[in-house]
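To keep things simple, chains are lettered A, B and C as they appear, and every chain counts its residues starting from 1.
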Amino acid sequence: MTKYSVIGQRLPRVDAATKLTGQAKFAADFTLPNMLWGKVLWSPYPHANIRQIDVSEAAALKGVKAVITAADVPKKKDDEEYPGAMSSCLARNKVIFAGQPVAAVAAINQYVAEEALALIKVDYEVLPAVIDIEEAMKPGAPLVHPNTFTMNIPDKDKKPTNIFWYSKIEKGNIDAGFRQADVVLENVYRTQVVHHGYLEPRASMANVEPDGKVTIWSDNQGIFELREIVAGLLNIPFSKLKVIPVEVGGAFGGKSSQIVAPLCVLLSGKSGLPVKIVTSREETFKTNRPAPAALFTVKIGATKDGAITGAYVKMVYDFGALSGIGGMGQFSFGGPPMLNTYRIPNIKIDNYSVYTNKTPSGPYRGPTATQAAFAIESQLDEVARALKIDPVEFRLKNVSVDGDPMNAPGFGGDDHFGKIGFKPVMEQMKKYLNKRGPVKGGNRGRGVSCGYWATASGSAGAIINLNADGTLDVLIGSVDVSGTRTIAAQVVAEELGVPYEKVTVNTGDTDVAPYSTLSAGSMIARSISKPLHLACQDIIAQLCERAAPLLEVRPDELEYTRGQVQIKGKPDKALTLAEIGGKTFHFPGGSPIIGRGSTQGSGSSPVIAMSTADVEVDKETGKVKILNFATIQDTGCSINPTLIEGQQQGAAAQGIGWALMEKSVYQNGVIQNATLLDYRVPTAVDLPYIDAFAVEIEYENSPFGIRGAGEPPLVPTVAAIANAIRDATGVRMKEVPMTPETVFWALQKKGK
Amino acid sequence: MKKLITLTVNGQQQEILVEPQQTLVEALRYTLGLTGTKEGCGNGNCGSCTVIMDGKIVNSCLVFAVEAAGKEIVTIEGVSQGGKLHPLQQAFMDEGALQCGFCTPGFIISGIALLNVNRHPTEEQIRHAFAGNLCRCTGYDKIVRATLKAAAL
Amino acid sequence: MKSFEYLTPRSIEEATGILNKYGNEAKIIAGGTDLIVQMKAGSVCPSYIVDIKYIDALNRLDLDENGSLHIGAAVILSRIVDSEIVKNKFPMLHQACSLIGSDQIRNRATLCGNICNAAPSADSAPPLLCLGARALVADQKGMLTIALEKFFRGPGHTVLKPGQILVGIEVPKMADRSSSHYIRLTTREEMDIAMVGVASFISLTTRDKVCNDIKIALGAVSPTPILVSQMEAAFKGKPITIESIEHAGEMAAGCCIPISDMRASAEYRREMVKVLTRRTLTSICADLGIQS
């Protein structure tokens, strides 16, 4: 973007130096005097009644200062409806997944805490569990929740079931759509449970003071959300609960739930001392909210000149033991819109959500979208192949444009597209691939895929203090997981026409900072730039008002430009921020200049990202090597291209891992591969350089046209790789991860 | 029972009391308050706890503190000299080679160790040297480019 | 993790004395990269940890007068990888050791520790088996030598008795006109455990360039690393051809008893033994200038 001077610049992160020198503090880095160490006892069974818990020996162990069970947690109404539910942060009478917290201890050090855990005796009555999604859907399957019925089906059909949600989207006439097609192809696709793999294990520390004031340090994606969760669980008024913002070591949607923070509060309250819990990597894998496994039937029909006439998708998502965790809601909201990328006259989507006795699933970087993109974009690829049409051309032929109706409506009830950048992204991909040239060599192939995501936005406030020397202190309440402080500094510097270095952005704690929505849903840049914009306008108005008498004109004769207030058209008759501040702040008669902004969310901005992968497949072993990878998306406005590229490249790496090597392995309902060796994420040796590009089609409802960038680049990656493997080998992989063994057997089967 | 050990950390001699089963990363973080070294997995799989011990990079989560007696340790806190960033740190900042920052200390330590023995590593050598350092945010692209840039100085 | 007493013997005698005294309550620590992981998981709970890194005799990495390589128990993998002697005279060992873990791991882990941990997938084992390595064991009575193929008892178990310590591995000089190669199959390029590992070794007769000796060893496909039996009988004195390479792969696959686990199925492992055997032998043939 050349029309701005700070926006669009590759400025270094404001938090870079503290992170590079090890000064930046993450949750586990904080300590307080006399702090105790806590440890959690997790359920070893996926489904069991708790007959009794005996903590007496643990409590009596020397060095143990508190032990808690559900008896210490305030009872909630829906405890009765969902006895195992997380309305209680410790299991009451039942556990419904392995890894559910059952009890916790606080002791003088980690070793005593560990010893105490081993002394807690829990009498479980093991119940039949249902782990696999298809088993869970069978009539007569053990029920995860006894009184669950499927939402949105006729009452007469309702019976207790693990299928707790059904919704459908219908447009046109699907049978007619398929009749009009020259090619109709159907396939079944499956994905597995995958984990965010953030490097920082979950950790929290809490201190309850004698007057009941609670302070929490915890890894999170929203200090206000954290406050709300803990206050709700433990019946604490918001004003008595302060959450301190900390650096967060990766989140990707996985830290919008809080499992140990409320336990730290309970332990601290009971012991009278600060309590810290740092979970291990194994605990983090086993007990935190992974992305759901999913099963798809996709049927797509198109005419021989490439127009898609009908699309049917049945999608079934495995929510684990609970729904509604950390923003996941009750149904896939990333799945149905996956067809929105394209104009399709006849559509039917059946969307199911199922309970199983596994760790409740949570949001992961475009929740439920990547799974749907894998299925749908793989099948689109099959149809393009059958029609012998280039995969990018096929997508361009059917792409949705400005004003088109949405196949699946958006969050805010919007049902038609405003200004969108789908076609420019595809055209940019076409240009990129033409420049690259065809992929050469035996056993090599190329795949492309689109991924749809509608970035959200939420409410937030911002306060800007103008200092007497012309520098600015910005106060926001947004947690920085993706460079928020840097973005905020750039926005303020641009709006006020001051150098970037003069703006300091502070994330305050919940006692002092203005409310901010979550740093999730690709929404924080969009959500925080709006109140910042208003706060800057507020400052400008105050500056003009104060400058008027100083320049001996009326306020309406003034304009603000490039960091100074000047008489309109007369840049030499001006006052800088420092000059106005210095003259008007102090006694007598002066007052500080404070800018204030508070805004609500502004609907969702539809975006597509597109990925392309070149792969080489070792046909004798099935091992896939990524030769090249590129990712393109519409960012609306790339405030800081380096930060955007970083998001795109990181997402690509996560997608490559999801495609080729990642899955949580369950046995008897317990995760078996809870280490960073057995749960494989790509290392630097597994990846090439990742080319990342952006197009900028401004979104009408955001300052600078920002659309949000964090999530979309993950969505198309898995399908791009599956399509590349198809190109290289002729084999259509319908399940991920596409490990060497699964590719090998697919090749063997094809060879027969 | 705690043992008294002496070791040199970032050029300073330290005398500390440690439990035998306390790992070096725990001693650095909680006894010496040097929290720049992180613990991402505790099993030597992620490299977040990488420190230099007697000139070689090791996973400090897999060293008992008592084994480090008499050794010279360099942690991330000992890298920048007199408030000035090491060229590798500067290159990371300039290239945007960090996001959440959790893995960053481990990468800087491993990167410095690499550049100490190989002044002009290739892309392949850099990736191999970083095989024991996981990053989930960056996809390693800018990390590799930053290291090449620092090597070229 | 429970507390323990940390002991630092200064001689092999002192070490065996401690081990004899405390039996199964004592565990040796060299690199600690397996032991500490196991202690954290709670699968091993020693009351005494015996650190052998301070014993000078265990830090030897050199050739004896016969050209055999001596690798002391405390020698770290990175030292082996960096050693010019190993690179030039035992290149397969250099190759295999570079695959274990990461730089951080290799700066602590020892080759002898890798052997004593006795994982079926241990990367150092197939190459050492191929090269006819011997385990040097000390106890209170003295020293004994055990052929490496008799050293493993089962997954995670060696024949070492309480009171015994592996003080080193001896690798005989490689024959002239010989070559060796190790390949392992992993999902990730590095930082992974082999699904299958195959090490091969061939030496040729001086005159007519036919096979004089052949050894193939397998990792991760049986309860222990194993030597494929009857290789010599099938190949000695014969020229090496594409057919015989295929046959070697079949023999190797027929000899292993793989299991299905998280990493791979037994059937896949068997298939991959064939592929990797063929690839190691093809690579060796190229190295020896044989048109197979």
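Note that contacts are C-beta pairs under 8 Å (C-beta built on N, C-alpha and C of every residue); 3 or more make two chains touch, one makes a residue touch a chain.
All of these numbers come straight from a predicted model, not from anything done at the bench.
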item: Topology of the chain contact graph, where touching chains are joined (line, ring, star, complete, other); value: complete
item: Comparison of B-C and A-B by number of C-beta pairs in contact, larger one; value: A-B
item: Chain centre separation in whole Å, for subunit C relative to subunit A (CA means); value: 44
item: Centroid spacing, where centroids are CA-atom means, of subunit A and subunit B in whole angstrom; value: 29
item: Residues of subunit A touching at least two other chains; value: 111, 677, 683, 685
item: Multi-chain contact sites of subunit B, meaning residues that touch two or more partners; value: 19, 21, 42-43, 45, 128, 131-133
item: Residue list for subunit C, restricted to those that touch at least two other chains; value: 1-3, 189-191
item: Residue numbers on subunit C that touch subunit B, as the complex places them; value: 1-6, 29, 32-33, 36-37, 39-40, 49, 51, 53, 78, 101-105, 107-108, 189-191
item: Subunit A-facing residues of subunit C, complex; value: 1-3, 185, 187-193, 195, 262, 264-265, 268, 271-272, 275
item: Subunit C contact footprint on subunit B (complex, rising order); value: 1, 3, 19-21, 23, 42-45, 47, 50, 53, 56-59, 61-64, 66-67, 110, 113, 128-129, 131-133
item: Residues of subunit B defined as touching subunit A within the complex; value: 19, 21, 29-30, 33-43, 45-46, 48, 75-77, 79-80, 85, 89, 92-96, 98-105, 108, 123, 126-128, 130-145
item: Parts of subunit A lying in touch with subunit C, wherever the complex brings them together; value: 111, 114-115, 620-621, 623, 660-661, 665, 672-673, 677-678, 680, 682-683, 685-686, 739-741, 744-745
